[in-house]
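Look for subunit A in each of the two complexes below; its partner is subunit B in the first and subunit C in the second.
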Partner chain A sequence: MNEFWIIFTASIVAINAALLGAFLLLRKMAMVGDAISHAVLPGIVVAYYLSGDKTSVLLLLGATLTGVIAAIIIDFLSRKVRIHGDASIGITYTLLFALGMIMISTWMKGNVDIDMECVLYGDIALINLDKIMVDETLYLGPRAFYVEIVAFFIIGSSLFFGYKGFKILAFNEDYAKSLGINTTYWHYALMTLVSLTTVVAFEVVGAVLVVGFLIIPPATAQLITLKLKRMLFWSAAFGVLAVIIGYYVAIWLNVSITGAMVSVSGCLFFIILLVQRLIKKLTILPSPKL
Partner chain B sequence: MTSHQSLKKVQTFIDFITFKDPNVIYVVIGMVCITASSALIGTFAYLRKRALIGDAIAHSLLPGICLGFIAAGEKNMFYLFFGAFLTGWFSTFLVDFIVNKSKVKQDAAIGIVLSTFFAFGIVLLTYIQNGNYSDQGGLNQFLFGQAAAINRDELILFEVILAIIAFSIFIFYRAFILVSFNADYAKSIGLPVKFIEFLITSLTVLSVAAGIQALGVVLMSALIVTPAAAARFWSHNLPRILLIAVAISVFSGLVGAYVSYVNVATPTGPWVVLVLSFITLISFLGSAQNGILASYLKSRANKRKILHENILKTIYHYHENQQHIDQLDLTVTASQLLEIRLVDTDQLQKGLERLIQMDLLTPLNSGYQLTTKGRVESRRIVRLHRLWEQYLLKRTSIDALHVHSGAEAIEHILSPELEQELERELGIKGIPKEDF
Partner chain C sequence: MKDNCVIEVHNLTTAYGGAPVLWDVDFELPGGQIIGVIGPNGSGKTTLLKTIMGLLEPSSGYVKILDKDLDKVREKIAYVPQRESVDWDFPASVFDVVMMGRYRSKNLFKRSNKTDVAIVNESIEKVGLTEFKSRQISQLSGGQQQRVFIARALAQKADIYLMDEPFVGVDAATENSILKLLKEMKETGKTVLIIHHDLQTVSDYFDYLVLLNTRLIAKGTPQEVLTEENLTNAYGGQLTLLAKVANLIKVNQFPIREKDVDL
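Up next, the complex of A and B:
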């Protein structure tokens, strides 16, 4: 049963991340996603420090705000301060992550809920310690699972109702502007959703590895399809596939579950890339002989 | 804080700077080598706009370190470093491979490579932790950095790396500059661009691999990007940028090392990054040439100058309407000025007050009168405006309807030399009339 809940929860993390990651990737903002996932750390630590509870709704929102602030700082640095895009990402996320680390090492000494290891790869094996019970008998599953489900509905409905906006922003921002669409609004809507995803995923997969869930499955999907809807489907599918295979690999080798999931995800990407190259070579090579 | 505690703090500080603890010498020299090497080579990575490649390399060192550990069976520094160098270098190769062979963009490729390698590193790390290795306690230090752990052998390694990097930059200085600023041009004059890029990448991997123990995997990329970004605000001259970047980086490294030396449990990396970011913040706020504050002040001064000159011009217009331009000594009120030229009332009021302070106007019976200095200035600006209008009319085929707006902008920036040039060109003395 434990096994089922872990795979199920991680799958929803993967689906949430993959759906948003696809839009990030198309906007060529993959590393902004990486930056946000690191930058929410101080928000999470402050939230936890104030409430002593990792799942308080108000404070989850507070931590989400930190991610959005990071996106604003990156935007500001690259537009107003003339530090080019790459460097402004590097500067912003290292600063916020460093702040988070310092908070953990000074305030959270000896705390088991938020420590360095948790930041790196989450507590996925332990999510069942925090259960939702009804009448102390009926077991409904781990709390993290329900947090993820709520996040899934928020992300799913935002993408469903805002599909056209996100789509046009992803493919042609200038065209969107010329139609009179407020691209800033859609940009920050996307950043807020990405931030929310990384905040709720923190407990399960940590702050550093969540970027593997955000970027790798959509990039794999991008290799095999050009249509956005198919890309979204395949992103989610590759994410879930990596979760399932990764889990059993981790159990087999007795290693970090999250680490194994992202490793498998990366392997899937490289396998598909290499197979594609191979097919291309095999199909193109014979033709010059004719 | 009691006096005893503060005394103890002072004592620790003195211990630190006088190297009472021999380990402190290792830490200090080690930090200087690490921070100087990464700032030097990082500046070129920054100029090549490949700042995030340092991020990919840093994350990719983790599996290399773990593999080195597994191969050696213990914490043998040379195995660890060699493993780190291999995977770090392999990661840059993979990023280029993905970008060249698929439609995945560079930043996504960096994200894919760094998260896959890092995840693999975590897998290996947990594998080692669950295995039968006795000496694995220190591996965690590579995640967040612990400068205090620098020992004598590593010190030699760091010194060698700094020497290699400094020497390479010295030898290939011209080539590095050309490849960083304009790789196409470098190729066209026959430089081996591929080789130079390979060299820069390898040196970057070396410096990141050296820094990983002190800074940690996640934060090491800051040492590549941030010093260069901060130094850019202080100079446009590359040797100076390199020096400033090294100075900033070394200072942050030492402060970070000191703080984590005092609080034994805290990792070094975050403190170094915090100091580094703080210096960067000061740089882009306060830099005299390019800083935000400087450019804000510049733009404010400019706006004020334009407002003042427009007010003086309007006063001249008023005299022109009253046919009194020879003396320019009428008293004019703010509302009379507003009738001629519509400007924001608040702005006008503030501008008038500043003109009084500058001794260009004197207040007189609820109005304003030009001083002698003000008359000269007012004539000068009107003259520039009309000279330019005449120039546009006579020397270019711009319609009379449009010459005013052109002159309105240029009058504030025409230099005395250009004024003379216009005078000679048009053969006009004094202030021309607007008779078109």
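Up next, the complex of A and C:
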């Protein structure tokens, strides 16, 4: 049962991350996803500090704001101060991440179970310690699972209803502006969702490895699809596949579960890439894409 | 405002960082014509278009479209960005991209309706891409990609069209078909503003010209604008070199455009 909940929770983390990662990738903003996932650390630490052992939903939303603030700083540095895009990302997220680390090392001694290992890998094997029980008897699964489900509904419905907006923003931002569409609004809507994903995924997969969930599955999906909706579907599918295979690889080799999941995801990418190249070489026609 | 003036630009200065790319540009453009914006590389042609479309904030001066602020007449003006400005590997079909011409801030949360689909199909038909409708955009030639962009602008059903270098990387046949389309649009009273760089074809293509080199050098009919004095002011020493190259190409019949390979 424990196994089932771990795989199920990680799968939803993977789906949430893959759906948003696809849009980041298409906007050539993979590094912004990386930055946000690191920058939410101080927000998360504050949330844990204020709420003690249990993270409340309200505090998680507060932590989400840290990611949005990081996006605002990045935007400000690259637009107003005219520091090159990747430099402004580097300045912002290392600064916020370092602040988070200081907070952990000074405030968190013995108080709360958050340490650098958790930041790196998450505590996926331990999510079952925080259970939701009804009447002390009926076990409904780990709390992290329900947090992820809520996030999934927020992200899923935002992407469903805002599909056209996110699509035009990703393809041609200037053109969207010329139509009178408020691209700033859509940009920050996407950043907020990315931030939310990384905050809720923190407990499960950690702040660092969530980037692998954000970027690798969409990059794999992009290799084989020509339609945005299919790319979203395959991103999620590759994410879940990596979670399932990764879990059993980790158990088999007795290594970090999250680490194995992301490694499998990366291997899947290279396998698909290789197969695709081979097909291209064997057939003179452009490779048949899904 | 004069009668029949569709775009007014007054004392417009736009700067990147510290250096102005456009300096005190001032003109009024007549409606129902095909208007060319010409000038050497880096003379601020694209910046001018982007400033008119509100994509760049001018340091000073203002723009009026049909005597109103841009935001009040968004529906009436369509923008065709440079073909290179987007990633053509984006997972979308010709139909998907042209459909973006129907997107508005108000309908982004709604599904596209039948009228939109009909308009999109009609626009694709106009640029002759119906048979490629469901093809992914990376599998098109340069000329076809350019026509996708034009179809997307047509789908906006606007009155004024601003096009950034629609003839770049386009084969001769496509150039002619685009030109034919532009002339049809003009017949129905549309105004088309085009950034162009091929001086050889300028007088054939345009009814009105704006010659730019950071400052406004000249504006008016091609006869008024294309004088040696104006061209020297805009292009300086480059022009004689350009003319020599152009002559050489004419004499030797070098292919000067990429071939339109139908994939």
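In the analysis below, the second predicted complex is superposed on the first by the 278 of 290 C-alpha atoms of A that agree within 3 Å, B and C clash if a C-alpha of one lies under 4 Å from a C-alpha of the other, contacts with A are read in each partner's own complex, and residues count from 1 in each chain.
Quick note on the criterion: a contact is a pair of C-beta atoms (placed from the backbone, for glycine too) under 8 Å apart; a residue touches a chain by one contact, two chains touch by 3 or more.
The structure displayed is predicted, hence computed values, not measured ones.
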Subunit A as common anchor, with subunit B and subunit C clashing or fitting: fit
Touched partner set for A:208, first subunit B, second subunit C, both or neither: first
Vertex subunit A, arms to subunit B and subunit C (CA centres, degrees, nearest 10): 60
Contacts of A:144 with subunit B and subunit C, given as first, second, both or neither: neither
First, second, both or neither for A:106, with subunit B first and subunit C second: first
Which of subunit B and subunit C A:225 touches, first, second, both or neither: second
Which superposed partner A:28 touches (first subunit B, second subunit C, both, neither): both
Partner chain in contact with A:265 - subunit B first, subunit C second, else both or neither: first
Touched partner set for A:68, first subunit B, second subunit C, both or neither: neither
First, second, both or neither for A:178, with subunit B first and subunit C second: second
Touched partner set for A:82, first subunit B, second subunit C, both or neither: both
Dominant contact partner of subunit A by residue count, subunit C or subunit B: B
Nearest Cα pair across subunit B and subunit C, whole Å: 6
Set of subunit A residues, in rising order, touched by both subunit B and subunit C: 28, 82, 222
Parts of subunit A lying in touch with subunit C, wherever the complex brings them together: 26, 28, 82, 161-162, 164-165, 167-168, 170-172, 174-182, 222, 225-228, 230-231, 286, 289
Touching residues (chain side subunit B, partner subunit A) in the complex: 46, 49-52, 54-55, 98, 101-105, 107-112, 114-127, 130, 140, 143-144, 218-219, 221-222, 224-226, 228-229, 232, 263, 265-267, 269-271, 273-274, 277, 280, 284, 290, 292
Subunit B contact footprint on subunit A (complex, rising order): 25, 28-31, 33-34, 38, 80-84, 86-87, 89-91, 94-95, 97-99, 101-102, 105-106, 109, 116, 120-121, 208-209, 211-212, 214-216, 219, 222-223, 250, 253-256, 258-263, 265-267, 269-270, 273, 276-277
Residues of subunit C touching subunit A in the complex: 17, 50, 53-55, 71, 74, 77-79, 81, 85-87, 90-93, 96-97, 100, 103-105, 107-109, 112, 136, 138-139, 152, 156, 263
